[in-house]
Structures are given as structure tokens and as C-alpha cells.
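Next, two complexes with subunit A in common: one pairs it with subunit B, the other with subunit C.
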Partner chain A sequence: MTSTRQLVVPAQHDQLARLASFVGAAAIEVGFGDAQVNRIELAVDEACSNIIDHAYRGAPGVIRLTVEIESQRQLTIILVDQGTPFDPDRVPAYAPCTSLDEVKIGGLGIHLMRQAMDDVCFEFNVPGIGNRLTMIKHL
Partner chain B sequence: MEISVKPLKHVDIVSVNGRVDSATAPEFDNALKGLLERGRKKIVLDFTGLDYISSAGLRAMLSALKTAKNGGGNVVLVKINDRIRDTLTLVGFQTLFLQFEDLVEAVDSF
Partner chain C sequence: MIATLNVRELTFTPVMEQTDKAQKPIPIMQVSGRLDASTVSILERALLRAFSLGAKAIVIDMGEVTYISSSGLRVLLTARRQARERGGDILLCALSPNVRDVLDMVGFTALFSICSTLDDAKQMAGHLPAT
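Showing the complex of A and B:
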């Protein structure tokens, strides 16, 4: 059985802790342990920071977070915004490496999202919806 | 997030508590930059009370590490919990930062 919950917040950095706490509770409900809950919170935090900084660019807007909880199975996270489409493929890929000189800081957020979740799917300008990011994590 | 800086003779201990995300990272970044601009290049980040760090905080850490090392100093970490350790591993930072379990040991590493 799937249980669905939604949180709608202004696209502001001071809402990130609230968004993380909301999704963290959903992850615990699915059955994820502490390390995975942290990774899921990270993915949502990074995605929402991108929406605030790159899609809305500081302008007023709304972030709509929907979680679909399938107990002992998987968590689906859907983030919707009406900002300018932000194409993650235009961000240079972050490559973790062992030398400080070689580390490039760009792309860190997207890298964390992809590392933390099993599926990350961006859709832009979906009619009647806006930009939609779907992230799935299997237990 | 709360930050406190304890200056010792040659080393500064920066204690960070709570969450470092995009909302709070600028304050964390400014604290580190403030020390480095004053020539304080030997920094111990005490993460005993750190619950969470996102890429915004990681960028501040990396920037501080680069500046400190360029000036002959370093940024080392002490008392990292499992959540933070996992985040650092996801981005490959565990090989860039020296990590200690004990504060005295961290200070003595300089």
C-alpha cells in the first residue's frame, strides 16, 4: 500500500531544514536506516537548493514536495517548481579524486543526488505542472 | 547552526553545531575565511555537534583547505559522526582531510 504526503513551502533557504525533516520522516517510515535517511535528506536538500538558486534565482516561488511511501519497499520523492528550467547536464560533472589540486567544486550537489538515490529523473516545462524532479530510492 | 572559534597559540578550533546547509553555510564560510584572512591557517574543525552538512558546507570546507594549504597551513577534522563520515565519503573528501577522534591529537598534528 502506498501512502502519499505533500508539503508546499516558499522557495527559500530557511525552508531547507523543514523539507529535510519532512522527507526524513517519510524515509524512516519506509524502513531506511540512519545512513540512508541522511543520504535521502541530502538529495532533497541539494535538489531544493538548486531550485531556489537556479530555477527561481532568488525570486519568489513555491516548492511542492510529494513523498510516496511504500513500506519496506521504496520511497518516491517528487519535487515540482515553476522556475526557469535548470538543466543538470550543463553543470560539469563532479569527479571525486584524491588530489586537492584536481578537485573541482562544481557539480557537487548533482553528484550527491545521483549518489544518494537509485533513480533521478528531471523533466522540464511539463504542461500544467512545471519542472518535475522524480527521485526513487529502493530499500 | 552555531559556530564558536577558540583561538589557541597557533591553532584555531572551530566548533560547528547543528545543520550546515545552503541557509547556514555562508556563516560557516565567513568564519573560515575570516580566520584565513587574518593569517590563521591552522584550523581544527570540531564536528562533535554537527548533525548534517550539504554541498554548500562541503564547498566552504574545500575552499578553506585549499587556502590554508597554499599558505602552509591545514584544515583537519575531529569527532565526525557516521552521517557526516558517509557524506564525506560520497564526495571523496575522506582522502583530502586528516581526521582525528581526539581533539588534543588534532591540535598536536600541527
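Showing the complex of A and C:
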């Protein structure tokens, strides 16, 4: 059985902790342990930071977070915004380095999202919706 | 729910044997709370202040950091670059398992000097130029 919950917040950095807390509670309900809950919260934090910084670029806007909880199975996270489409493929992929001089700061957030979640899917300008990011984590 | 972050700025003076040079104090940043995009400027300002006062080595005690995102990682990376340009280093200590996991995910545990405890970091910092 799937339980669905939604949180709608202004696209502001001071909402990140609230968004993370909301998704963290859902992850615990699915059955994830502390380490995975932290990774799931991180993925949502990074995704929402990108929406605030790159999609809305500091302009007023709304982030709609939906969680679909399948107990002892998986968590689906859907983030919707109406900002400028932010295509992560245009950001150079982050590659962990062994030298401080080689590290490129860009792409860290997307890298963390992909590391933390099993599936990450971006859709842009979906009719009647806007930009939609779907992330799935299996237990 | 609003994220909070506190940075307590301390210093310690390393005890060095058999040296006639006066030892300079080394800054310690005791960070507690959530290190994300909404709070990271607090740590950034504290680090800039320490560098502007001439610090080369800085110890960042992460023992009470409950969470770190890429915003926090960027500040740590920038600070380490600044410290290395001055011939010093940033020493991280007392990472929680979740914070260490995030550093591991981006390969930072191989790039940073990381100590298990604050005492270990102080000992290591004693071998670095302070100011």
C-alpha cells in the first residue's frame, strides 16, 4: 500500500531544513536506517538548492515536494517547480580527484543526488506541471 | 523548522620542544548544527576572519555538525585551498559517521587531513606553521 504526502514551501534556502525533515520522516517510515535517511535528506537538499539557485535564481517561487511511501519497499520523491529548466547535463560531471588542484567545485550537488538515490529522473516543461524531478530509493 | 549553525572561535598555542621561536596561536573553529546553504556563510565568515588575521593553519572541530551538504563541502574546499596557498592546512576532526559518509561520496576524505579527535588535530597542527 502506498501512502502519499505533500509539502509546499517557498523556494528559499531557509526552507531546506524543513524539506529535509519532511522527507526524512517519510524515509524512516519506509524502514531506512540512519545512514540512508541522511543520504535521502541530502539528495532532497541538493535538488531544492538547485531549484532555488538555478531554476528560480533567487526570484520568488514555490517548491512542491511529494513523497510516496511504500513501507519496507521504496520511497519515491517528486519535486516540482515552475522555474527556468535547469538541465544537469549542462553541468560538467563531478569526478572525485586525488589532488586538491584538480577538484572542480561544480557538479557536486548532482553527483551527491545520483550517489544517494537509486533513480534520478529530470523532466522539463511538463505541460500543466512545470519541471519535475523524480528520485527513487529502494530499501 | 529553521536550520541553525554555531561557530565557536577558539585558539590554542602549540607546545613545541627545543625551539626558540615564540609559538603563535592556531585558530580552532568548533562548529555545531546543520551546515547547509542557509547556514554556510556563518562558517565562511569565521574562516575569512581567521585568514585575514594571518592564520595559515586552522582546526575545524566537526564533532557537533549533524549534517553537511555540498554548500558546506565547497566552503571546506575553498578554505583548504586558501590555507595551502599560505603554506598551511585545514585540519578536520571528530567527524560523525553521516558527515564522513558525505565527504567519502565526493572523495574528500582522501584530500583533507582528518583526525579522529580534537586532541589529535591539535597535536598535528603543532607541526604546521600557524601564522
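The rule is simple: the second predicted complex is superposed on the first by the 139 of 139 C-alpha atoms of A that agree within 3 Å, B and C clash if a C-alpha of one lies under 4 Å from a C-alpha of the other, contacts with A are read in each partner's own complex, and residues count from 1 in each chain.
Convention: contacts are C-beta pairs under 8 Å (C-beta built on N, C-alpha and C of every residue); 3 or more make two chains touch, one makes a residue touch a chain.
Please read all numbers here as calculations on a predicted model, not as lab measurements.
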Combined model on subunit A: subunit C and subunit B, fit or clash: clash
Partner chain in contact with A:35 - subunit B first, subunit C second, else both or neither: both
Touched partner set for A:108, first subunit B, second subunit C, both or neither: both
First, second, both or neither for A:7, with subunit B first and subunit C second: neither
First, second, both or neither for A:94, with subunit B first and subunit C second: both
Partner chain in contact with A:18 - subunit B first, subunit C second, else both or neither: second
Subunit A positions touched by subunit B in one structure and by subunit C in the second: 13-14, 16-17, 20, 34-35, 38-39, 41-42, 45-46, 49, 52-53, 94, 96-98, 100, 103, 105, 108-109, 111-112, 115-116
For the subunit B and subunit A complex, residues of the former touching the latter: 19, 21-23, 52, 54-56, 58-59, 62-63, 65-66, 69, 82-83, 86-87, 90-93, 95-96
Subunit A residues touching subunit B - in the complex, by the definition given at the top: 13-14, 16-17, 20, 34-35, 38-39, 41-42, 45-46, 49, 52-53, 94, 96-98, 100, 103, 105, 108-109, 111-112, 115-116
Footprint of subunit C on subunit A - complex, ascending: 13-14, 16-18, 20-21, 34-35, 38-39, 41-42, 45-46, 49, 52-53, 94, 96-100, 103, 105, 108-109, 111-112, 115-116
Subunit C - residues contacting subunit A, complex: 1-3, 34, 36-38, 67, 69-71, 73-74, 77-78, 80-81, 84, 97-98, 101-102, 105-107, 110-111
